[in-house]
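Presented sequentially are two complexes of chain A, the first with chain B as partner and the second with chain C.
Coming up: the complex of A and B.
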């Protein structure tokens, strides 16, 4: 068994088509996961016991179920209900792509709930108290202080989860979607060469996960630049000029206030 | 003297004499443990009070009740005439009047020094970014740290961070400042730079309630020292008498511990 470069080259268009589907599904599921995950995290952390229980059940069900089972349930199970089949909802549920994004999104968002919840609980009370003591509304304190700090804490765990679920998108083959793995399998069944298309697809997955990794690392550096001691404002000059404080800062630096120490 | 004049004086005096902070019979418990057991304390406008006592005596809880970071279980608190209910009403009004400085600085780690100081004026007072920055730079210059405005808190020393925290509170134009052991987390050589800023603030007439064990500060600045033990005010006196001639056995024991 050897790697057939000619076949790999010839199967590029089909594989890239499949890879595009994988990217599309991954990006959509990340979006669904961010929205559902954030919303359900607030529900999960609600002081209202009923809401909190609903949130806990959400996590237990959608994190507990394998994503392939969720895919089958959404694609083949829900249309058994007449409320899905005989209403405009059918337009959505008749689409395998919609079902795939919803099924994987439910699974992924349950993980996001727990990652975000852990990160929010890890935020030290000090800065939050300081913001409250300044007279800021609890809502604003959550959005501008607690959440941004939590996002920084949770980023690594979130990155892990995204990379894992990107690879688990192969399950969408179960609902007739031809993604990267599907395309590779198709070529395998036509050529009886399993090695070449699957290794090529593997290399593409590797390229995707590593692009994501690099993107996450760049985001991490950007968000955590406050921890890189000794590095002053690294924003582009245009951003610095747009900051009204920095002009004042520069002016004061030219004629510093006399230190009395 | 005419009667009218007397009434005028009475009304005027009553307005002028409305205390900065009026605490009556304050009670607070955590579960079965009572941390404040009926504390009554009045802070006049412009007065500087130093609050001390052994660890667990309720000092921090007392000042955290004043701006509603802790809810009290009994008694009353009024700040500049605004009542703070046990269920938290009036808390936003009170927080506008009262600035607070914490033991561990509690700067916003993800914001620059300037952003730390402009955040509340912009979002709670609705100042424009330029106005807020101007105000922030004024107060940062006041605590002699304006040249660090573009840095992040993690890039500053403890003493610098604490001075930023003071500037951040001042940016809201508070009438009263609460200090919760502002120098306890600092390396010894940084204590004086923070105390100096606090002394300047005191000299400018700020009403201050400080939990601190800095005796030099207490002697220089405090109009009154208050000793708290087991959730009660045991003794209060002017600084000289407080340290030189403590009346109660508990305060004597506490001072002995501290001087050792």
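Coming up: the complex of A and C.
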């Protein structure tokens, strides 16, 4: 039971390759999830009962299923349909990367729908009524008043969801993509060192999740700067100036993100 | 639908066996995480000191890495880890770790800090008077915890605990990548040999959605029972 630093250093290129794949998938899924989630949220909140039911079913299925099952369904299931197999769509679905992004994106977008829906319904009626009374068009009221407030309300839940799904990208190993976990596994199968590659990969995941968390917290502070959120630094100004790094350290010590439903 | 038949003609029995593995895995891992999470919550109750710092580092690691990575680590390296832990006690054995127990330990390792965080917050939210009243009546320490504080904290933390249960249940799906024949692995074999992925993965999706819904229903009923002594305005 020991950590082999030479092996960790030698396997760095392979692991970084895998880490890049993880980052790429995460970023793509966030983009897909934002677009699909926003669209389906409008469907889910539609006044039309049928559309709303479709949205509810979308959320129930794609949020309730483990993402690995959705990956298998997209990767192995959809090519069975002739509309996929016999059309140019086949080019897309033959690529494991596309299937992985679509599968994880479906799962992620279902969470985005619920987060956005909760945030939109939490927007107080006052600002909306004020904007309408001022004669702004409903579209403008939605885009300039409701949505910006909702984004601030939903950011924390969205952060939790993104951190959870960043960790769930390990499932892409199921559709033959070599992500960070896959790379670590590959090194294990060549060296039979059960600790070094996995612990190194774990450290990389830790760095990824925490930098993403810090980025979200910075965004949260920026969006909510009018509220002066967060614990103020109570030390005298001289001490604050002398040791600016400790503010960052305090933030790092804050409790970790909890999974949100 | 004949493919789902029980016995040699269909995959019904294989799927059922896989679902049983999934359920067992989730229940054992959750129970272990609940016990360890309770201990951790009690040990890290005060936000300072060595225990708190150790707890924070552990929570940061456990919540910062994917559970599949921890499963692999315990699966490949579990024997060595147990050996290293046993050597100080004069036991020089290398027990082999089955993938099932490696997965249970890994999921418990990952979800313990989540539950501990919930429970710690809940313990802080139990009205102070409860502890003071118990101390004034000189109730023994252990009974204050087991009979007064923890039951009330558990009631407060209950919705969060149910949330984590659903997250953990879905996370068990990853164990098929570590070679365990759970429901997902069974469905993969079945759909590979019959070329009916929609049918079998559809069954898996239905299982997870319905099982989660059923447990949430059960939990809500139980929560109402736990809340029976509390006025609705406080609940």
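For this structure, a couple of remarks:
We adopt the following convention: the second predicted complex is superposed on the first by the 228 of 261 C-alpha atoms of A that agree within 3 Å, B and C clash if a C-alpha of one lies under 4 Å from a C-alpha of the other, contacts with A are read in each partner's own complex, and residues count from 1 in each chain.
Just so we're on the same page, a contact is a pair of C-beta atoms (placed from the backbone, for glycine too) under 8 Å apart; a residue touches a chain by one contact, two chains touch by 3 or more.
Computed from a predicted structure; not experimentally measured.
When the two structures are aligned on the shared chain, A:95 is found in touch with neither chain B nor chain C. When the shared chain is aligned, chain B comes close enough to touch A:226, but chain C does not. Of the two partner chains, chain B is the only one that A:127 touches; chain C does not reach it. Residues 253, 256-257, 259-261 of chain A touch chain B in one complex and chain C in the other.
On the chain A side of its complex with chain C, the touching residues are 1, 60-61, 64-69, 72-73, 76-77, 80, 164, 167-171, 173-174, 181, 184-185, 188, 194-195, 198-199, 201-202, 205-206, 209-210, 253, 255-261. Remark: chain B residues 67, 69, 92, 95-96, 98-100, 102, 104-112, 114-115, 118-120, 123-124, 129-130, 133-134, 136-137, 141, 144, 146-147, 149-155, 165, 168-169, 172, 193, 196 touch chain A in the complex. Across the interface of their complex, chain B is touched by residues 126-127, 129-137, 140, 144-145, 148-149, 152, 223, 225-227, 229-230, 232-233, 244-246, 248-249, 252-253, 256-257, 259-261 of chain A. Contacts from chain C toward chain A in the complex involve residues 56, 59-61, 63-70, 72-73, 76-77, 80-81, 83-84, 113-114, 117-118, 160, 163-164, 166-167, 170-174, 176-177, 184, 187-188, 191-192, 195, 197-198, 201, 204-205, 208-209, 212-213.
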